[in-house]
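In the two complexes that follow, subunit A is the common piece, with subunit B as its partner first and subunit C second.
Entry: the complex of A and B
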């Protein structure tokens, strides 16, 4: 293998695939990054066996070849080099990768590319496209609701349902549920439902940050893996096997009280209250009071702690229905309020022990359900 | 075979079987006799595990020449006179069985010289009959030599364990009396080797040092039982010198060595939450009771006793020990490489209390002496320990144990105020349990509501969980619930509420190996400073280790 490429391209490529390098592993080679020539480009790949990322960068290839070297070492070395041309030369006998840039020269011992875990090919099944912006927003508003605790593996993933020209993403951790509908740029022939690890989607969101072209999504017929293809980047993820809870029945169909409030005000009041709720389990109490003839309605957000003290904040609201009292884990409220892009949110409740529903005002594609905490009033 | 009265030798041997179980029983009877005779020096020599030789020499009152033969008669004793005496026994022996029982199973020689006598009387007995009588020269006191124990009873001989085992039983008997009578000089030699020698200084700590060694003695605290009835005195070990067996618990009623599960339980209760699971305290406890309040005449060996008011005794022991510990609960110190000469840790104990019959068992507060100094967090070690600086040196804090303690107290407080924080489940979750867990869940699912679990039966071995305590909501609470049910079904049901709280605290506490930010560590240390019992986790493990500046200086050779 013999090639040359630009330091900044190589550095960026290593950063992209670096997210998939295994951290703690029993398979040492997954700490390595695979370098392989691919026609007139250099392909970099890394995998932690749950997720694999490949990235292609432009290169001037003189001799084909492939090798794996420790990812962190290579990445740190390349990032410290000046922004110039890097000459890469593999000595096949010693499996040593020679790197030359400006007046620096390094040799890194490698491991045969044949030993690198193969990255599954994802073909057949369904294939579709989604606009980057829509997908980024959907992941941002859904993935955080997935469970971090692993006793129910399906809940650590995001349920993705491809149906016609709609993709529905849903995540739940047993206490809250987030559902987001977005259009597919290319309709699917057959309705398909898979569970994608929330971690994978978080990585995908990072990779999409500087992308503009639509993302290609492919799921293999066995529903074992999904491939996300971006410009010069491919992310292959294992899918979580199992069936996701039927969440549509968990979304309350009606309400007794509905308050429309400013997202920013609600977020500030909740954050402030959470400071006082920190010693316990973060209980934030909401009292929704309808307005009178002349007075606006309001939502009172409060928290108290035996040792510390208490805090009460009022927010103006347009209230429909009767007075309501409900308590939530403050974190669940701040999580959702801080990802909403809309100016106002509607909070719908039925009683203190039934789930509350948050819907951004002005868009009907997102719904967030939170189960309350049971407290003495 | 027709019914007939048994021959006296047969009767004697049957009776002896009750008193003389093994060589250690002979030693016990003889040592008790010496103590009852007011001896201030008792030496015990043992050979061959006590089977070939037991020789007990004392400087007690001795037996007048004319009474020596009578001493070997069954039910002959100088210790009590009539029935009324039996109601108020102050001596260790009183049944008048010991010597006659021993002679029934062994060859016995006695040399005794009473006060005022010029020569000692020597009596040799074989098969329960007097074989020889002569006079010998010796100072006041008695020497009893027991030879060839059980030689005539092969079955009993076979039943005996190895020489080493029998020796250890004998050593235990002598040790116990050495602890009960610190003013008596005890010496024990096993096959010519000195196994124990107490100074007879009258100080319990000296006896403890001889019996258990300097390390334990250096970690004993004195119980100062006030003048109550019953009065509890003695010493107990600090939690850091716990032992894995029960063998370090010694109880004496009016200085009589007794075995009592009830007393052991009282002490264990007092150490509750201070010792790790499976660890037991060291304690030497004497209980002073009016003789009529205790019945020692239950068993010929008198090792079991009955109390007129068991509950009062239990709570007296519990309170006295708990109070002594309350003044301590220290931070374990880092062990010095070269141990210094042990210094006694004897402190004043807390205020006096009268322990009556209906005394309640509320915990004396473990606060004042237990409070933590203000600590400054320096960093984290191995993602498991928080390093902090205090005014008196370095503290290493086990993050999991510390958090467990904080959460334990929080849950306890919330429960007491009926303010357990409960998080509802969006969708009721079915919980499948094993048959054993099912039984436990059936009997407790309603009580679990107090802790924030809303659980209802759903048919068969399935239950529906509708809400969980907020403190565990983002943990594997289903796994925790199963583990809890297992430990409830195995363990002691009496404090199941505490088991629930401990399990909840343990499962929601930060794990070892979890990296913490500076502010998280500061917050944890702040909460620990406010805990009522900051030094141990609910399982009894220490939450912190203290390395004093003095210790650092010493280890760096700067002193």
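Entry: the complex of A and C
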């Protein structure tokens, strides 16, 4: 293998695949990055066996070849080089990768590319496209609600239902549920439901940050893996096996109290209260009071801690229905309020021990359900 | 103003409480701790028993050999806790600057209280009278300018004594005393000091600081300050409890997982009941194990949601236990479980799993039954195994040193 490429391209490529490099692993080669010539480009790949990322960068290839080298070492070395041309030369006998840039020269011992775990080919099942902006927003508003504990593996994933020209993403950790509907740029032929690890989607969101073209999504017929294809980047992810809870029955169909509030005001009041709730269980108490004929309704957001003190904040609200008292973990409220783009949100509640529902005003494609905390008032 | 610190210590506390409950025990050698053939230790011995050389912490077997005629009592912690609470309440009537040390002793800052009682000594006498009248117990009191001197003084005055060390006389008071009298000098430090020719507190105070530091490090400096009668430590009222735990020593070291798990379950239920009584929930569960060779380990896990449920505490502890014992060859001598990171009550409801709510109701119902009929009136299947191991009493299982098994 003999080629040359630009330091900045190689640096960017290594950054792209770096997040798929295994951290703690029993398979040492997954700490390595695979470098392989692919026609007139250099292909970089990394995998932690759950997720694999490949990235292609422009190169002047003189001799074909492939090798794997420790990812972190290579990445740190390349990022400290000046932005000039890098000459890469593999000595096949010693499996040593020689790198030359400006007046720096390095040799890195590698491991045979044949030992690198094969990245699964994903083809044959459904294939579709989604606009980058829509997908980024959907992932941003859904993925954080997935469980981080492994006690129920399906909940660590995001449920993705492809149906006609609609994609529905849903995540739940037992305490909250987020559901987002978005259009597919290319309809699917058959309805398909898969569970994508939330970590994969978080990574995909990062990779989409500087992309403009629609993302291609392919799921193989066995629903074992999914492929996300971006410009010069491919992400292949294992899918979580199992069945996702039937969440539509968890969304309350009616409410006793509905308050329409400014998202910014609600977020500020919740964050302020959370400071006082920090030492407790994060309990933030809401009292929703309907207005009179001449006065607006309001939502009172409060928190108290035996040892520290307490905090009370009032927000104007348009209230429909009866007075309501309900307590939530402040983090669950700030998590959802921080990702809403709309100016106003509607909070619907039934009673202190039934789920509260948050819906952004002016768009009907997102719904967020939060279970309350049972407290003494 | 010169500080006046009081150290109040109840004489032979556990034994005295037993003697108040059963006056026929008065004037006899009495040992609280458990059955003389058991593996427990002496938790307390009456002055009559001490005449035979019995001391707290001594194995019961040794105690029964030294004093075969001693009356051995199992003791019960709740009884002592009640007496202790009343004792502390009396002290709290005299000064809010109160620092309880264990069940039967406390420091009290009496600075400036002279005018209320005539003198600090008068105040101490009033405390002694009230303790005697209301609890039937003897208290010994030391008064001095600092905690450590006050403690030495109360110790010297026992039994039923009162000793005040005048301001400025601290050093002279301490100087002739043997070094073992000074708190902080224990079984390790004492022989070391003696080998250096230091046998009185006065000699310790006169020792060159450099030499002391080279032998005992930073703690040498503190010891010397104490020996010189200098102790500026404040009397600190206790902060709210930040954790709660229970532990017990097995009568025989064990590797039997069923035995370990049922004991863990029992201790976990005690911890859970404590938490619920306090109206708190915990975020962290800690397992403690001591092996036959006295190596002690602790393993902890932080929960994503706070809990006060017996089931969650036990299951977390059980997980930690399984991991700790994987590949472990040593038998277990002691097991304990505790919770920390206590937060105020308030349970996060789950949208898919209602079991937490059912458990909460179950625990509440069990708590009510136990409050009325005693802890063993109702037990979970997991702890049934213990019934054969520990002699069942009316008020709970008796562990090895029942008086120490809270």
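Odds and ends about this structure:
Everything that follows uses one rule, which is that the second predicted complex is superposed on the first by the 377 of 377 C-alpha atoms of A that agree within 3 Å, B and C clash if a C-alpha of one lies under 4 Å from a C-alpha of the other, contacts with A are read in each partner's own complex, and residues count from 1 in each chain.
Please note the rule applied: a residue touches a chain if its C-beta (ideal position, glycine included) is under 8 Å from a C-beta of that chain, and two chains touch if they have at least 3 such contacts.
None of the values given here were measured: they were computed from a predicted structure.
Residue contacts after overlaying the shared chain place A:84 against neither subunit B nor subunit C. Once the two complexes are laid over each other on the shared chain, residue contacts for A:305 go to subunit C alone; subunit B is not touched. With both structures placed on the common chain, the touch criterion links A:322 to neither subunit B nor subunit C.
Residue overlap on subunit A between its contacts with subunit B in one complex and with subunit C in the other: 148-149, 172, 174-177, 245, 250, 279-281, 283, 306-307, 329, 353, 355, 369, 371-376. Partner subunit A is touched in their complex by these residues of subunit C: 240, 281, 304-306, 343-353.
Every residue of subunit A that touches subunit B in the complex is listed here, in rising order: 148-151, 172-177, 245, 250, 279-283, 306-307, 329, 353, 355, 369, 371-376. Those residues of subunit B that touch subunit A in the complex are listed here as 410, 413-414, 417-419, 421-427, 429, 454, 467, 470-471, 473-476, 478-479, 527, 530. Looking at the complex, you find that subunit A touches subunit C at residues 148-149, 172, 174-177, 245, 250, 279-281, 283, 305-307, 327, 329, 353, 355, 369, 371-376.
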